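Here it is, the structure in full.
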Amino acid sequence: MDVEQQRNAASLGMWVFLGTEVMFFGGMFCAYLIYRYWYYPEFAAGSRSLDIWLGTTNTAVLICSSLTVALGVRAAQMGKRRLLVLLLLLTLVFGLAFLGIKAVEWHDKFVEHHVPGASFSAEDLIQAYPQIHIDPARTQIYFSLYFAMTGLHALHMIIGVGIFCYLTYYSWKGRYTPQYHTPVEIGGLYWHFVDIIWIYLFPLLYLIDRKPLK
Amino acid sequence: MATATIPVEREHYLNTDYGIRSWLLATDHKRIALLYLVTITLFFFLGGFFALLIRLELLTPAGDLVLADTYNKLFTMHGQVMIFFFLIPSIPAVLGNFLVPMMVGARDLAFPRINLLSWYLLVAAGMLMLHCIFTGGVDSGWTFYTPFSTAFSNTKVIEAGLAIFIAGFSSILTGLNFVVTIHRMRAPGLTWSRLPLFIWAHYATSIIQLLGTPVLAITLLLVVFERAFHLGIFDPTRGGDPLLFQHLFWFYSHPAVYIMILPAMGVVAEIIPCFSRKRIFGYSAVAMSSIAIAVFGFLVWAHHMFVAGISLYSAMIFSILSYLVAVPSAIKVFNWTATMYKGSIHFDTPMLYAMGFIGLFTVGGLTGLFLAALGIDVHVTDTYFVIAHFHYIMVGGAVMGYLGGLHFWWPKISGRLYPEWLGKFAALTVFLGFNLTFFPQFILGYLGMPRRYWQYPPEFQVLNVLSTAGSTILAVGYVLPMIYFLWSMRYGKIADANPWGAAGLEWKTSSPPPTENFEEIPEVTWEAYNYDEIPSPEEVPVGR
Amino acid sequence: MFDNFPLWPVPASSGAGNVDALFIFLVLLAGFMSLAIFTMIVMFALKYRYRPGHKAEQIEGSVPLEVTWSAVPLAIFMVIFVWGAILYFRERTPPREADAVYVVAKQWMWKLEHEQGQKEINELHVPVGRDIKLVMTSQDVIHSFYVPAFRIKQDVLPGRYTTVWFHPTRPGVYHLFCAEYCGTAHSGMIGQVVVLEPAQYQAWLAGGMTSGSLAASGQSLFQQLGCPTCHRSDVQGRGPNLVGVFGKPVELEDGRTVTADENYIRESILSPNAKIVSGFKPIMPTFQGLVSEDQLTALVAYIKSLSQPSSGAAGPATPAPRI
């Protein structure tokens, strides 16, 4: 296989793989949509218990990281090794920042007893919204899906960080040239995909009902 | 070409390197195919052993061979092992891996190291599954219905779920490799309409593997989470819905059956033209039918749920769609049969398996019509009628297709011929044993014997005894090829490049092929199945 | 037919014969098609077997043939679909005036309770010639109520009611099976349906020891749990008047209209704020955990009885709320 054919094949392979990832997350999005339709009050209450500022910051962080990734691919195409390494490092910083903020959010949920399982309690939400009836079991469903979806997303982010460590190292070693930078391109595709998943997760989980209660 | 009775030790993919490392770190698709062959054969016999125990228990109405809990584990693990560790990989991972690059004129798959990874994933999954089986087992049924699997079963549901989850990734990566290879690595001149139907079938199968398996993965993951962390996504006492599990599960598991049958149809589409010495009848129809089955196969999943509590109207929609998906399969059966018309038929073992496939797949497919009929399904779902139906397709269909393919391509894979008369005998044994095992089960089902029953009312005994008798014959039929294939690797007659006089790029290279498949990548200027140009083996003075 | 070697269960319900008719049609169709394919393969194999000097004829295909053997099967399939769908529609639409029997499935037994109060375990006595509707739920996992002789089967789910109905036509004793794998004694969760002549059935009813009708025990539960505090039938209370509610459409405060069937009543007791009736406040407490499945069945039966013409309950003194 010549270089061009390899690049073509690798690119198609990554797009196909991302297709499978869409189906993977899709199953959970499907469960989410069904339960949200059935259990709207509990989902709205749960959503409001998330910190919207941390969520928004994380969204901005990821969007910036996608920018640095895109610029990195361009740097690779132009053969600018130092710039490439810098941009990949920045991407890593953003990625780690995202994971750090996510850890803080999860910690908050743990402290508030919103982690599903034995110590789960929806009492605070029931007290906070006396005018609507909140069913604890249904609220737990919201949080189960919250943790499953953000957890799976975070796992993909961690894998992405691993991939970008690899890319940063080999960029620094000078492996990528304008003629051959396929790993940077397909690594970039993967990162963009993980970003897009978050772009969907953010409104679905954080922005269910942010207007004041009637 | 000289008579190939003097073995000249030419270098080929089997002898190019020796030692366990050269196999365990192989990236040659042909070696990986053999790694898969060994792995899935082991699982086939394990799953078959469970089946034999089940049939032995069912010889008598009382539960007197094993405990009820043990029986429940046996049918669960029989299903899981056979489906996820034998059938789903089988043809794609063994024959597909070996042949897809060669059929498209490439030197290997698009991603050889990912190919090796997908074998390791299956092995890792398999080891986890074996650990699960031998340290207690699992009794949820292969279908894992909730809330039994998440909140009531006392067995190793999490381990089994994770094992299947990992095996799923093996399947996904195989599909990914095939899709990219078929799109990007075809030899010059090899347009889509010149591709062998085996390739079309594997392409359609790969689409299903790629789109469907991830949904199973997430579903099993949610079951594992639910069981481990006491969530309630599928548990009504904790706010969840058991029917949601069923929808998510069947969204994969119905297309999964097409993963299991499409490759076998691809094998049959190669064998019939070769042994009829004529091109396939209706090439475009057969190729498009493969794609149609893959697409429609995703639209029918809830026909497994007609009595589960879904609404009347959605049941009707899924019923009518299920009839639509039956049409392309019917088209294929007619086209294969028509290929034999005015042919020049040879009755070698592969052809016997292919003809058996058509017959048994037809019966299995026709009984699908019964199940798609809502009024009938109410009576026969969850009975032995369904068991008979799917075994006709998966065993009478897919396994016979697999065996037929193994026999057909054995000379190419091993450079040896298997003993033909033993091959024919085993094929007949399989055919007879199979029918005796599973035909009585249609009757048992309509009479009302439910599935997954350890004990049963005495009036069902006669049919059960017939079925068990058949299964012992079937077992003999399966053991024979194992023995003579192994025997042939040392003592079989040496095969030349094309002992069957078959069409296809894989037959243009030596048997066994060199590691790089072809001396020179061919440039294709001919249509598929150009049997008008290829001489029949009898017409060429070559030793056989 | 074939008393010594039966090929199908004795048809014992009004629907069984129709199911068998479609089945026989399908057997003939499948048999014919299998025979046709089998015969053609054998014929072609023999007639066109290899003989030296005999060459195969290369035939590309035939579009008219492809169209024909696509369209004809499709047409036949549509006929089968419609026939099966009609059977299914009838099978899933119980007649309005069916006698109800309440079923609670649990690992690993069937508990049945007649409206008159008779309780049975793993056995169901019914009179021939009446429409019988089963209202079923599970205490644990999914089970499935299967009576081959009636050609009926319906999964029984935890957390909701599912229904199945039949009309026995033939006195006798018929198998009852659990048809959804449910654990260790799944194959032991079997019993029988005993179909009696009407006179015998009355005798059986009278002979058993009962603690009053199901609706009556529901009524006493209703009082015990304090329901009449809000659900009054004399003046407008804090909750809707339940007399005449069952089976009628109910308008909810979010604008939807639902039918007050068994599942609605059950949900209203366990998750009262899932559906608030228009004009009422969401103040009903939940009884989740405070009532068992058997008690729920009794309450449902009682509320149903309030809609029956000559129910023993107090007649409505105020018009029912706008429903």
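Chains here go by letter, A, B and C, matching the order in which they are written, and residues are numbered from 1 within each.
Assume contacts are C-beta pairs under 8 Å (C-beta built on N, C-alpha and C of every residue); 3 or more make two chains touch, one makes a residue touch a chain.
Predicted model, so just to flag it, every value in this text is computed and none were measured.
The most centrally placed chain, judged by C-alpha centroids, is B. Contact tally for B-C versus A-B: the pair with more C-beta pairs in contact is B-C. If you average the CA atoms of chain A and of chain C, the two centres end up 45 Å from each other. One finds 37 Å separating the Cα centroids of chain A and chain B. Annotation for chain A: residues 135 touch two or more other chains. Chain B has residues 237, 241 in contact with two or more other chains.
If you check the complex, the residues on chain B that touch chain C are 63, 68-69, 72, 139, 141, 145, 147-148, 152-153, 236-237, 241-243, 276-279, 281-285, 306-309, 312, 315-316, 319-320, 323-324, 326-327, 330-331, 333-335, 337-338, 340-347, 355, 358-359, 362-363, 366-367, 369-370, 372-379, 381-383, 443, 446-448, 450-457, 459, 462, 531-532, 536, 538. For chain C in complex with chain A, the residues that touch the partner chain are 271-273, 282, 286. Against chain B, in their complex, chain A makes its touches with residues 1, 5, 8-9, 12-13, 16-17, 19-21, 23-28, 30-31, 34-35, 39, 116-118, 135, 137-138, 140-141, 144-145, 148, 152. Taken together, the chain A residues at the contact with chain C in this complex read 132-133, 135. Chain B contributes residues 110-111, 172, 176-177, 179-181, 183-185, 210-215, 217-219, 221-222, 225-226, 229-233, 237-241, 244, 248, 251 to its touches with chain A in the complex.
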